[in-house]
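Take a look at the structures below.
Below are two complexes that have subunit A in common, paired first with subunit B and then with subunit C.
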Partner chain A sequence: MSRGGRYWVLAVGIAAVGGALAWAFLSMPGFGGGFHPYRDAAVAAALRHSTANVVSSVNFDQRGFDTLGEETILLASVVGVAVLLRPLPGERHRHGRQGGHVLGTTRMLVVVAVPLTLVLGIDVVAHGAVTPGGGFQGGVVAATALHLIYVGDRYRVFARLRPIGLFEQAEAAGVVAYAAVGVAGLAFGGSWLANILPHGTLARLVSAGTVPLLNAAVGLAVAGSVVVLLSHFLDQRFLSPPPGTRHAPGDGTQP
Partner chain B sequence: MYPYVVAGAILFLGVIGIARSRNLVHAVVCLAVAQSGTYVLLLTVGYQRGATAPIFQSAPEKAGYAATLVDPVVQALTLTDIVVSATVTSMLLALAVQIAKRHDTVDPDELRSLRG
Partner chain C sequence: MNILITVALTLVLAGAAVVVFTPVPSRQAVVLSVYGILLAALFMALQAPDVALSQVAVGAAVVPLIVMLAIRKIDSLRAARRRQR
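Right, the complex of A and B next:
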């Protein structure tokens, strides 16, 4: 299709979807109003299970099964990226020196920031039921700590600190642990992912029953997923192109 | 009303960017922008004027406390939305890498034929 034709299709599509959206928005309850029936039900349910962070209660208690699906989507995408980014026939790993110059201040900042970021990530996972945050957010922060070493131009250190097999197992263990809590709920509470543990006191670190356990499982799985996912992209930089192609993707030269 | 307009505008800006794109990485980022419109829409639906974050410091003393919180359900959905967006972005970027390797181009208009 020509570009002109494409823009006509786009204009028609935007007009139709925009009209439908405007119609829907105009018949919704007004912005900022007090009509939130799901909010009322979710907050009451969170208080019954002593969960201070209502968002965590929704994610890991009230609709915990959906979060298992969410975690599985993440696992599936990691598998998909691993399959898509497998080396082509003729591509080989080359172990050259990493080019570029990194400022001393950047390295210094990385040395300071790595432990802080790691502790912050674990803290966000651990307090998922009490303060803003949770397994997904904390897992990403913890995985970021590892990749700060890469920013500091220490690819060899980074590659040694990052045994991919271990992170793949951590990812799988996170998903299995989540399912195990679900099965335990089925065995002892009569329903899948039932909150079977004592609920404790609201806003204490150990409260909300199974929510901190599920947060830890998700944190493990997310940190493992992000590390494995990014490792496949970072590896692309160290693949030599197969003979016959004009340039390797990512080395900045134009064909 | 205007936050709904903002959500729709972000969505359409992303879609227009995809249609005009001459680079697959640019198209993937435009898709992420379009999806950001849904975050704004979800948070807009849950917002209430004068309400606070749905997180307790201590047990509420009186009933009806829930009416002073914004909707936590749509916030949880936004989190799911972000996770899905991240996975889709990673898959599409991996596809873009493979297309660049096999076809030596990232311009969608130059991809005329399917090759194995």
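Right, the complex of A and C next:
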């Protein structure tokens, strides 16, 4: 298609989406108004199951099936990255330090920040049913803690602390654990992901029935996913380019 | 509260413009990280702390890192091709 033709197709698309958005926004209730039918229904349902964090109640109790879908998307995208970022024929692993100078203060900051970040991540996962956050946020924070070691220019320490096979298994185990809680709900509660456990007292660490369990499963899966995902990108940095890179796959730029 | 939302929204708009008009992709990744934090501030102003946490973790840390690593890879491939000629 010619360049002008493509711009016309783009203009039609932008006009159609823009018109639909304007139409949708104009018939929405006003900003900051008091009319919230979904909030009223969701908060009442969360309180019935003693879940202080209503967002967690929506994600892991009322609409738990959607979260399983999201987890599966994450798993699929990590598998996709693993397939795309495998070494090209002729690429070799370069080891050892190369280039770059890391300040002593940066290293010291990393030593202080790594344990703090790890504990913060676990804390966010554990309190998912009570305070803002949950399995997804906490999992990403915990995975970030590990990558701070890389920022401190300790790639070898980092690589040793990151047995990638273990994280791949953790990712899979998290998804399986989530589905297992769903099946348990089907077996003992009559519906998929039914909140079968005792709900406990509102705002206690162990409350809200299955919500903390599902948070832990998601935390495991997300921490594993992020570590595996970044490991593939980091490995690319330590690959020397193949001898003939004229038509390297994945490099769509014109010479 | 409305003033806070207006300020946060304005900062997000300005940040987005800076990201779009930053010419060098590797610098763009750093600006994108700052923009992610501005977006998190907007979510906090809109009383959505869960979303703000996700935004800080993913939008301000993981995504810019992935972009940086991808840019490095492309640069090293280009350099290798230049050496070859």
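We adopt the following convention: the second predicted complex is superposed on the first by the 229 of 255 C-alpha atoms of A that agree within 3 Å, B and C clash if a C-alpha of one lies under 4 Å from a C-alpha of the other, contacts with A are read in each partner's own complex, and residues count from 1 in each chain.
What we mean here is this: a contact is a pair of C-beta atoms (placed from the backbone, for glycine too) under 8 Å apart; a residue touches a chain by one contact, two chains touch by 3 or more.
Nothing here was measured: the structure is a model prediction, and the numbers come from that model.
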Per-residue touch tally on subunit A - higher for subunit B or for subunit C: B
Which superposed partner A:V55 touches (first subunit B, second subunit C, both, neither): both
Partner chain in contact with A:I73 - subunit B first, subunit C second, else both or neither: first
First, second, both or neither for A:V124, with subunit B first and subunit C second: second
First, second, both or neither for A:F233, with subunit B first and subunit C second: both
Partner chain(s) touched by A:G34 [first = subunit B, second = subunit C, both, neither]: first
Partner chain(s) touched by A:H147 [first = subunit B, second = subunit C, both, neither]: second
Which of subunit B and subunit C A:L84 touches, first, second, both or neither: first
Partner chain in contact with A:F136 - subunit B first, subunit C second, else both or neither: both
Overlap of subunit C and subunit B interfaces on subunit A (superposed complexes): 32, 53, 55, 132, 134, 136, 229, 233, 236, 241, 245-246, 255
Contact set on subunit C toward subunit A in their complex: 2, 49-50, 52-54, 57-58, 61-62, 65-66, 69-70, 72-74, 76-81, 84
Interfacial residue positions of subunit B with respect to subunit A in the complex: 1-4, 8, 12, 15-16, 19, 44-49, 53-60, 65-67, 69-73, 75-76, 79-80, 82-84, 87-88, 90-91, 93-95, 97-98, 100-102, 104-105, 109
Subunit B-touching residues of subunit A, taken from the complex the two chains share: 3, 6-7, 10, 13-14, 17-18, 21-22, 25, 28, 30-34, 36, 38-40, 42-44, 46-47, 52-55, 57-59, 63, 66-67, 70, 73-74, 76-77, 80-81, 84-85, 88, 131-132, 134, 136, 202-203, 229, 232-233, 236, 241, 245-247, 249, 255
Touching residues (chain side subunit A, partner subunit C) in the complex: 32, 53, 55-56, 124, 132-134, 136-137, 140-141, 144, 147, 226, 229-230, 233-234, 236-237, 241-242, 244-246, 248, 251, 253, 255
